[in-house]
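Letters A, B, C, D, E and F mark the chains as written, and numbering starts fresh at 1 in each.
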Amino acid sequence: MLKSVQIAAEKIRKLEVQGARNVAITAVRAIETLAKEMKVKNKKDFLKGLSNAKDILFSSRETEPLMRNAIRWIIIQVEKSDITNTKDLVSLVSLASQKFLKELEYSKEKIAEIGTKRIRNNSVIFTHCHSSTITYLLKKATQKGKSLELICTETRPLFQGRKTVKEMLKLGIKTTLIVDSAARFFMNKADLVLVGADAITSEGNVINKIGTSMIALVAKEARTPFYVVSELLKFDPATMYGDYEKIEERSPKEIWKKHPKGLIIRNPAFDVTRRDYIHGIMCEEGIISPHSIIEVVHRKYSWVFK
Amino acid sequence: MLKSVQIAAEKIRKLEVQGARNVAITAVRAIETLAKEMKVKNKKDFLKGLSNAKDILFSSRETEPLMRNAIRWIIIQVEKSDITNTKDLVSLVSLASQKFLKELEYSKEKIAEIGTKRIRNNSVIFTHCHSSTITYLLKKATQKGKSLELICTETRPLFQGRKTVKEMLKLGIKTTLIVDSAARFFMNKADLVLVGADAITSEGNVINKIGTSMIALVAKEARTPFYVVSELLKFDPATMYGDYEKIEERSPKEIWKKHPKGLIIRNPAFDVTRRDYIHGIMCEEGIISPHSIIEVVHRKYSWVFK
Amino acid sequence: MLKSVQIAAEKIRKLEVQGARNVAITAVRAIETLAKEMKVKNKKDFLKGLSNAKDILFSSRETEPLMRNAIRWIIIQVEKSDITNTKDLVSLVSLASQKFLKELEYSKEKIAEIGTKRIRNNSVIFTHCHSSTITYLLKKATQKGKSLELICTETRPLFQGRKTVKEMLKLGIKTTLIVDSAARFFMNKADLVLVGADAITSEGNVINKIGTSMIALVAKEARTPFYVVSELLKFDPATMYGDYEKIEERSPKEIWKKHPKGLIIRNPAFDVTRRDYIHGIMCEEGIISPHSIIEVVHRKYSWVFK
Amino acid sequence: MLKSVQIAAEKIRKLEVQGARNVAITAVRAIETLAKEMKVKNKKDFLKGLSNAKDILFSSRETEPLMRNAIRWIIIQVEKSDITNTKDLVSLVSLASQKFLKELEYSKEKIAEIGTKRIRNNSVIFTHCHSSTITYLLKKATQKGKSLELICTETRPLFQGRKTVKEMLKLGIKTTLIVDSAARFFMNKADLVLVGADAITSEGNVINKIGTSMIALVAKEARTPFYVVSELLKFDPATMYGDYEKIEERSPKEIWKKHPKGLIIRNPAFDVTRRDYIHGIMCEEGIISPHSIIEVVHRKYSWVFK
Amino acid sequence: MLKSVQIAAEKIRKLEVQGARNVAITAVRAIETLAKEMKVKNKKDFLKGLSNAKDILFSSRETEPLMRNAIRWIIIQVEKSDITNTKDLVSLVSLASQKFLKELEYSKEKIAEIGTKRIRNNSVIFTHCHSSTITYLLKKATQKGKSLELICTETRPLFQGRKTVKEMLKLGIKTTLIVDSAARFFMNKADLVLVGADAITSEGNVINKIGTSMIALVAKEARTPFYVVSELLKFDPATMYGDYEKIEERSPKEIWKKHPKGLIIRNPAFDVTRRDYIHGIMCEEGIISPHSIIEVVHRKYSWVFK
Amino acid sequence: MLKSVQIAAEKIRKLEVQGARNVAITAVRAIETLAKEMKVKNKKDFLKGLSNAKDILFSSRETEPLMRNAIRWIIIQVEKSDITNTKDLVSLVSLASQKFLKELEYSKEKIAEIGTKRIRNNSVIFTHCHSSTITYLLKKATQKGKSLELICTETRPLFQGRKTVKEMLKLGIKTTLIVDSAARFFMNKADLVLVGADAITSEGNVINKIGTSMIALVAKEARTPFYVVSELLKFDPATMYGDYEKIEERSPKEIWKKHPKGLIIRNPAFDVTRRDYIHGIMCEEGIISPHSIIEVVHRKYSWVFK
């Protein structure tokens, strides 16, 4: 019965689905399918099914706050609804799922619109890794007539920077690729740094691809504005209550396939950029100070804390 | 007649000889051979020959202050000598060459001795790229009974960090390899940073492998002592008179073999670490403040400025 | 029909009316007059008229968030009211205008009260340019028995510092005038820096007279508390959605009347002081951290975001 | 009639009761007793009595925001209640008192739970002075299986650090005591700094035992996370309106019993740690950025501002 | 007899002669003239006369290290010479004077040559006030084919920046003038800051036109290299022995001609830029770290310390 | 035969002699006495005796560079002398000892003279611990008519600050005592920080009483000049060659006499202040940048490196 959910979880675990946004979409759709396939008699069992699905999906990766918040929200819709008829509950889940995905789409558009305004004409943008929200933003900015240039790191070990530069070249944007450790060498040439986020903590810190915090340090030193581009729902409520955002450590093979025996290879996938290095978070609510993240989430999505 | 010199220069140009120390040794030996092979009648022509050799070797790479200082020194020995007999001049060059190489060897030993004292027992050393002076130092420290652990970056694009970790593993040193952009993630675990130098400027700044200046910034932020390990003769007198130490830019292929058309790849081989990030330079003269480099070189090697 | 509005807009454009507060008062009164003079049949046309007035006044200067927020608020009162009778709408606009101006007056009093408490007896205040809110605050503090001393920059190019020092001398306050670039020389003598604001962005940054951000930097270096004294309604909601607060660039003649041909003179009227340099914003709501500005405005004046 | 209150106030004044938490508890109990002992005829007189008690207790120490907020809250419960019968009002005060104390207890538990999660296994905690909330947190963390080590300053002049280390030794925690001025010497060995708070200002600054702000500076320099552990109700609303949190200055005898005549001894009990040095405040609401303190208090305890 | 010296001193006092270089030249010529005009019998009286001249010239301005060092040097030539014949001593003074001025000229050329190399093509230079050494350097750089752009402050109160921009416009250099307090606004556009020096202290600090230290602070923040362009003989040996370099305070009229009664106007002519803000001093000896100034002066001009 | 030396060493070991200066004097006198008492036949044995004395005295404390340099210097005088007659060697040692002590006295006077000039009238000096060179300097400054005020820390654990304040009170200087951790609280009131030195390293760092480096950090933050007052011969040549200046760790009893069992008490006597926090070293040679220490010592006392 939970097969569609298990398949989705597996895909997420094996990184066949990548990017916080895609992971969330996959999970939402799996929940929607599950709701349809579940043959249960009452709301209690319906909720039980959803709860099981939640457990399976939550355990697919250490942290994926956007996916987790998505699932949380859909379940809350069911819980707070007066509907008891299971058939209607299936429709409700379907509607909720659609609404969530639509909102996600809206956030992307809104962020692109905000970012476009924030990019001055003829400016040089610096980025790290690959973020679909950022590449969409740059596409929109270019379409709106903003002339811009991009400097992108290759982003070891998985070279996601290459994905970014390929997309940019297709848009005809002048693009420069550098090794990660050349960031300081080139920072004085940049007018603006844009990076994505995997998670945002209650203190206002941002978890993103390993190396982001070094780029933030370098940007601060060069007085180059540093912005995080992210949906608000990347906020992880667990950090509120003391949990560290877990830093996933990935296979040494990603760094060196046939490494010598005895060598320790450490491969953390993310690092933490402290709020004081971040000029602002560009989110669907506007450009906000990371220091006020809890209150903004409370105002917009208070259900997150439930 | 200048064939041996031309071959040496070619090897240096093509990076068949690598590392400031090896480049200097190769050049010195080529000069020694040339002296023997030159069939000239008088000191004037002998000096002319050396001068031609100097021009060829100097042009083999943008900057190689150690090699340049080596050649300068040998020629000065000839110039200031009273000898006029060409046969005796050949011997003189031979003696001078041997002396220079011996001094270089002595410097390495002295630096290893100093460094060994400076490493506290059971400490974690952080390094970047590969420096034969540093690996020798760590070997000596281990032999002297210092227990230590190494964290080394992989050092894109040419992965010289792999060379470093292989040598360390052979010595039985606990060694961890990380991607370059994880330096900040791991810096709080390090007790000491050691890096090499390609050149030292008159202001006390150090030119070294791309990424060094970022590691310096990260070390400062974490209050981890950052030392440069280098022979004093890496000092480049041209910087005194306004010349920028040229930053060699290497082939984009090193970063991405089959990169998309239209993509700009920037591949500077070095960056500049400002003196204020450097706790000290460990050199044959002892541990010195980089701010006093000119005067130390004046006291020890005043001929450099001629 | 829009004549009174056009006259007001013209006065604002030509700087016959100066200071955010005075500009707002002028605009509010013009709207009030317009409402009385408009001869329209229904609410729809009434609102159309107000909207036209808004467009004219908004275009009189690049940014004047206080004025813009004032106009926004009055129009919202009309929109959300159930009144449809145009005569009553005129009264409504009049009442709203009076209320807004009264609130503005209250803010000034409240800020003066807060600032008075925050000034320690026998302290030296440093300020830049001229702010009527600050001079009122200092007047009140003196009247309440606080003994204080003022250091003020001359504030090139228009010498508004002279206006400030004249007002202070009338109050019998010991006052020192310096050139702008002597700020760092004198900063260690100051106990407190107070500056005004032209606009506050969603990130918590403050736009104020050119030079303010340098004084902030200097104050931080000397560990001298730096406060912004401003009504909350200087908050500019457009910055939320990505718009840069426009930095007005004024005539070169202000800097050099008969300057040589070919010389470029750049004369930005304002600069941006980042939130991290600001100890607090003294506003009608109390002393707040600039980082929380969006949420404070949401709580107090949520209509601003409409 | 106000005897129990006067006795409580006297105990607080003479420091027979110490620690913000104990002071609050003592005051709440005195209010409860007073309510029972007051023989008044109507609600007006009842409130008059409470108000007198408030004045007496408030004047017992310069600032004790937790106590003040406790008393404020109880009186608000009476004011807003529809009850007029004095007997029932006595019960109401009693209930409110119990509720407040229970909430205080809950906060302590919640903070300990959050803190426990935030402490990584095998980490070294640095603290200053004595905070019952912190010692409780460390006890809980140890009970939950977290292995930790403590470095504590002796905390001149009253050596409260000795109290902390005694409690820790009883729990079997490895504990190191140092003089206050050795904080920088040992900071690189610490993974986390935890300090308490006496008061929190509207700007997000924290008032705590003298020396705290130096430790914060040293922690920042060493990139060691610095957290304040405190109930939200240590927030002092008076700071909002410009009042400086008063820094109590205590007897010179505490520093030097028989000091030479003519010597000035300054003995401020507290100092101010600016928000920018604080990674987060661990409070009953979770881990929050100090920059957002006003809005968090508004959301949770809006009555504080009344 | 000392008339020529007194006239020179008077011109210097009244600022009829301006700029450290011109002041030194005037003093040297006055000494030369005096030597010729003195009618004395023996070397002792000759030296007495020079010593009197020295006293008069030294007292003409608070500090003018270049002039003082010039006079010191000439007198030392006389003292250490074996010549006793007064006629020959006149020739000696004449020769020494010519030599000093020639050396000064050589320094200027050497500095221009060094600076030209240090300026990258197509770069933007930022400067403050007027320095004849810098304008000469920029002229030479332009003649050598370096394309550059200049941003210059107006430099209140005496607008020396206008002098600088006029000279630049004549050379056809693209030049922008800004008010002093706009330095931070424009700093990110600059590639290099060049300022002159009035004096250099034994600690390596530089005394220059008021505002220089603020520009240094701003340059550091933006990671823009900041160089001092100065002859080594601006070094003031008195600072070695504890004397503060006196900061001349000039007439309030320079700032505000008809200022209100009671107003204090402070008009320090110079401020101190600490060595840590200075990337290097471009002097006749090359580009040096300011931290090593004493030893460089000892090596080159050890007579300064006599 | 070595009895006088052994007694001296014992006194030094047991801290019966305190302060680098007194320790050096005691050792010099012991050497002088030894020379007189030794009954040896030839220079070789004479030198042997001195060498033994050196070993005994060197081992009396971990590091005492001033004493060590003193002994080194005396022995060098013997070594380099042509005298072979043992009787004359006794005289030579006596003369050398007297000369050394006289030079030490001269240094003290010179430093006091320099420091007096550097103290502005009516300024507030901040100091830590007790330094006889500093108290002498302040005495001289007061005698020369400088009006000054002193803030001094108590300096735990041995309260040497009390010694300092007692001496100051005798001189009639207005003196304030604070606990060590109040340094940051009072730093903004200070115009100048003066501290002593136990040793100076080749990098230019200063070893002094525990807490000095925290005061340096706090002074930097407040932009208060921080000077080290010390004889140049506190320079420790061993640091040149990699040796860490050993940080003596003293008895836990100094911190807590009857401490609980199981408690670890760490009591390092000194800490390291990095050169970048030091405005200058006031020494007999003048005020110098710590960065140039090696070269200054080379110029003045090159024998130190032998």
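The criterion applied here is as follows: contacts are C-beta pairs under 8 Å (C-beta built on N, C-alpha and C of every residue); 3 or more make two chains touch, one makes a residue touch a chain.
Treat the numbers as computed from the prediction; the structure is a model and nothing was measured.
Chains touching both chain B and chain C: A, D, E, F.
Listed here as common contacts of chain D and chain E: A, B, C, F. The minimum number of touch steps linking chain E to chain F comes to 1.
Rounded to whole angstrom, the centroid-to-centroid distance between chain A and chain B, based on C-alpha atoms, equals 44 Å.
Once the centre of each chain is set as its mean CA position, chain C and chain D turn out to be 38 Å apart.
Shared contact sites, meaning residues of chain B that touch two or more other chains, fall at 221, 276, 289, 291-292, 295.
Applying the touch definition to every pair of chains gives A-B, A-C, A-D, A-E, B-D, B-E, B-F, C-D, C-E, C-F, D-F, E-F.
Contacts from chain C toward chain E in the complex involve residues 153-157, 162, 165-166, 169, 174-186, 210-211, 213-215, 217-218, 221, 255-256, 259-268, 271.
Residues 188, 221-223 of chain D are the ones touching chain B in the complex. Touching chain E in their complex are the following residues of chain F: 113-118, 120, 276, 279-280, 282, 285-289, 291-292, 295-296, 299. Listing the residues of chain D that touch chain C in their complex gives 202-204, 239-244, 274-276, 289-295, 298.
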